[in-house]
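Please go over the structures that come below.
In the two assemblies presented below, chain A is common to both, partnered first by chain B and then by chain C.
Right after this comes the complex of A and B.
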């Protein structure tokens, strides 16, 4: 049987609607361009200043054509910037690993285990969020002083491990993992720790990535507490270190901006490496179905 | 030999008794189905056998060993879950063999059992895949494989087919029956689907609010339900019920309702005579009813045809009797017109009778 049919009718869109949509798109892009300029502007200015030999108050993009790295050379060889970076890396890494371990364990317990006073303890942990840092600064400093921890890595690492947001985040994340997986693991013969390490942790990777990155960023940028307890370049981290660069009467802006840019680079790399997990983690879902 | 003996088991969640003083022996090589609606305690009972839930009171024995305080992994059981519970971050091979590895089974045995199970379940080409790359039916087979390679004494299955589409579910039923035969395994199977119970079970335990209502082979449950609840649950469409009272005139007993007067056999009459009270539910299965012309001879209930649903091989005819809906499951040759007056006929021998208050069966 053969049937001859006319080709399907093509329906043109109303030109008015097309024009309106184009206008709308243009407006959206304009807004985005303005926002981008506002956010990247200061960073461009920062990088530009660090590449100039003498500081000028103008934004002169031509500096990117003939940059000088003298400021970077200076902070690396004439200032203890290397030491600050090393200290920051040690402290931020230790804090991140510690928090990931402690908070995922605590989150697992709060998400899955039944024990007396569970809700009260969880509430108390969250309640500590409401205590501002300056309130605890003095008691912790006195404590650190009493046990001789001033100017040690320990003083920079241990107080930072108490991180209620992390406990909350991991609890929420672990609650989304089906309980039947744990039942299956238990029947397969895993212990509680086996379940934590072999089932819960692998499924938490997106959540751990977000928490880890957040922790690392916070620790990398911490200023007030390190300023107080890290009294020498042996333990001083980058942010309080940067604060020592401006002199009393004049500031070498080239030097200060070069140090700032250099201190941002490790974070940039970490973001680039982990951004795949970050998207999953922020979307709040696990990549695991079924 | 693998026998599970449950003695006076209770599981209370606060004031609610999910399982209420249940005693049950699951025999060696038996396919026992725990059947009931959601919330009847069937899954809780299964989880207690597995060791995932601790009983509030009572004892559980597997082969005469008291296992109340034995960890799930040491009970020599395996379990298939409703949503399969495959480890999403492990491939099929790891999912199936993990339990054996954790039990320190020698490598050659693991490989041999894995290959055997994979072949039987047609998973050989999928061994390197991850659960998210598998269809529901394939995931289901992996879950079964994980269960089978353990060669446990007892298989526990918690609604394993309910997430599959209808066609696959029917296929998997056959597979499970074969599995049961091949392995000679003891299987405890939880479902709310009476057709699964009907097709697969050696015996069915029908549960309601934490109590077993009847424990018998499926056909016996179907033919001789112990009470009105069981009669309603087994059979699709459900059994029809008519409110009747018993009367004796001369030597014969009669069951009388607003639209019916049914003389009963001597055998049934004796049961009525021995029973205190005279208020009953008369139960008639849809397939025991026939549709006849309103003028037909014999015992019957006058009715008006409401809706006719052809099913292919048979036709469901919904009729109104005195305002109440009754369904008859008849041959598809019969096509009564909607709104027509008919007479529902049936044999007295194919009726069921339940006490109105206790709902327990007389016959």
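Right after this comes the complex of A and C.
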């Protein structure tokens, strides 16, 4: 199809080309169907098992016709799962809001302002992308131990706010916004912070959406640090909690699958809301690269 | 845009230019720092300080409760002779070498399919990216469930073709490929989105020009699409390297490093040393070695790709 859009050249619709195109289209759809079966298939079986009253080795997909929600009822009312969900929501929301605020502020300065040490500081922040988690988590654990932060929300939230990637993303995004808009606002007498808040931020919404989605996903899925520092159900988040459900030998797969499905629902919801920003945001970030 | 014009045409506050020149100058020089200060403060406390502390920690030994004490280079010496550390490093590298090309090729392939003129594109994207809503732990539970020896979905499918049930998570040579499959299943959608965005930002006229020159679709992909996507592929490769060398979640949930030590990864071994055997110093030393490996590889990738870009 893309061939026919070349306007000045008259391309003869050679029957061989047409047949070729048809073949290619058929192959495209076939591959897409195979890929989608592989991505969604496991989830279909997962959901099917969670909707069965008692787990049996063979799962019949006919369970969708007469589902029971007994497993969901159990994990919600007879299990600390509800606490884990609450903790995850609190932590992921706080981290996301914090990151959006801190990184858009810093990203704006790195994109637009001139100040001494700018490149050095930016490079230093960016370079820590390479630092693997345990390098900083061990000392942070010692620190949290010293100041009594073990098993607190603070310990789950603050270290996550140091993560560098958002500064880079927001700088890239803000560089794509034309500078004339700020000049106009400045002539109108707006302060620096006013410009950031009322000119830059509204134009950054696609970039903020992508960074927010990324941050929320990362925080929602974080495992190693909560495993170490969230030592009771008062602060334990979903991933370390979920990891305790399938035991080595006797797993109640009805419960395990229901908990897994439930843990994915908030993410699914957020993904569906924000998915239209995904391509926009990435494209915006990319177009600044030379 | 409508929002913006609304902002600009609002009644303007009294112009600031009447303020004393000196205070304006101070504002001008301090202003930018005010914007980066909050991030820099948190960054200093939870990134720079821990980094420095990690380095000093490598020269310390002892348990947390009894207090750490200086041991010089003993931790480094211990690691050289620690066979399990080298096994865990070998497992991690094996996993990374398998997973990176696989996940990148699948990601580019899916993006190329979606970049063709197809119907219902948004629907296909959602279906392909669905595994991404599973956290790595959720995905690990899902795959533990699929891979059960006794009646798991995958073994039942294999059974249809007449193969006996395979104990995937209990067979040393299968566990690492299982983690690779899991990561490709969960992660390919992310790379797909990244690559699709890059493909769609390639100007159409380049393809028109290629078509006029008689390039086939495959040639256009190789000669136009791939070269223009180089920055994105480089970015994805570097990030995937950093991310995958830290494999921890799926082996922790699915195998606890077993069978034997067949799926013990570096981060898993660090975790065990720090929180099971209470050897913070040793764990810190291993994590610093991991950092050095990651840095070397990331810089190497940057240098190699840079060279290739200049034809």
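Note that in this section the second predicted complex is superposed on the first by the 258 of 290 C-alpha atoms of A that agree within 3 Å, B and C clash if a C-alpha of one lies under 4 Å from a C-alpha of the other, contacts with A are read in each partner's own complex, and residues count from 1 in each chain.
Going forward, a residue touches a chain if its C-beta (ideal position, glycine included) is under 8 Å from a C-beta of that chain, and two chains touch if they have at least 3 such contacts.
Note that the structure is a prediction, hence the values are computed from the model and not measured.
By the touch criterion defined above, A:199 reaches both chain B and chain C.
When both complexes are overlaid on chain A, the residue A:80 reaches neither chain B nor chain C. In the superposed model, A:67 makes contact with neither chain B nor chain C.
Of the two partner chains, chain C is the only one touched by A:114; chain B is not. Contacts of A:184 after superposition on the shared chain: both chain B and chain C are touched. With both complexes superposed, C is the one of chain B and chain C in contact with more chain A residues. By the touch criterion defined above, A:260 lies against chain C but remains apart from chain B after alignment on the C-alpha atoms of chain A. In the superposition on the C-alpha atoms of chain A, the part of chain A touched by chain B in one complex and by chain C in the other spans residues 181, 184-185, 188-190, 199, 202-203, 289.
Contact residues of chain A toward chain B in the complex are 178, 180-181, 183-190, 194, 199, 202-203, 288-290.
Touching chain A in their complex are the following residues of chain B: 47, 50-52, 71-73, 77-79, 81-89, 98-99, 102-103, 131-132, 139, 146. Residue ranges of chain C in contact with chain A, taken from their complex: 3-4, 7-8, 12-17, 27, 29, 31-33, 35-36, 38-40, 42-43, 45-47, 49-51, 53-54, 57, 64, 110, 113-114, 116-118, 122, 124-138, 140-146, 150-151, 153, 156, 185, 189, 193-194, 196-198, 200-201, 204, 207-208, 211-212, 217, 231-232, 239, 242, 245-246, 248-249, 252-253, 267, 270-271, 274-275, 280, 283-284, 287-288, 290-291, 294-295, 298.
The residues of chain A lying in touch with chain C in their complex are 1-3, 5-6, 9, 24-25, 28-29, 31-32, 35-36, 38-40, 42-43, 45-46, 49, 57-59, 101-103, 105-106, 108-110, 113-115, 118, 121, 125, 128-143, 145, 158-159, 161-162, 164, 167, 181, 184-185, 188-192, 196, 198-199, 202-203, 217, 220-221, 223-224, 227-228, 238-240, 242-243, 245-246, 251, 253, 256-257, 259-260, 263-264, 267-268, 271-272, 275, 278-279, 282-283, 286-287, 289.
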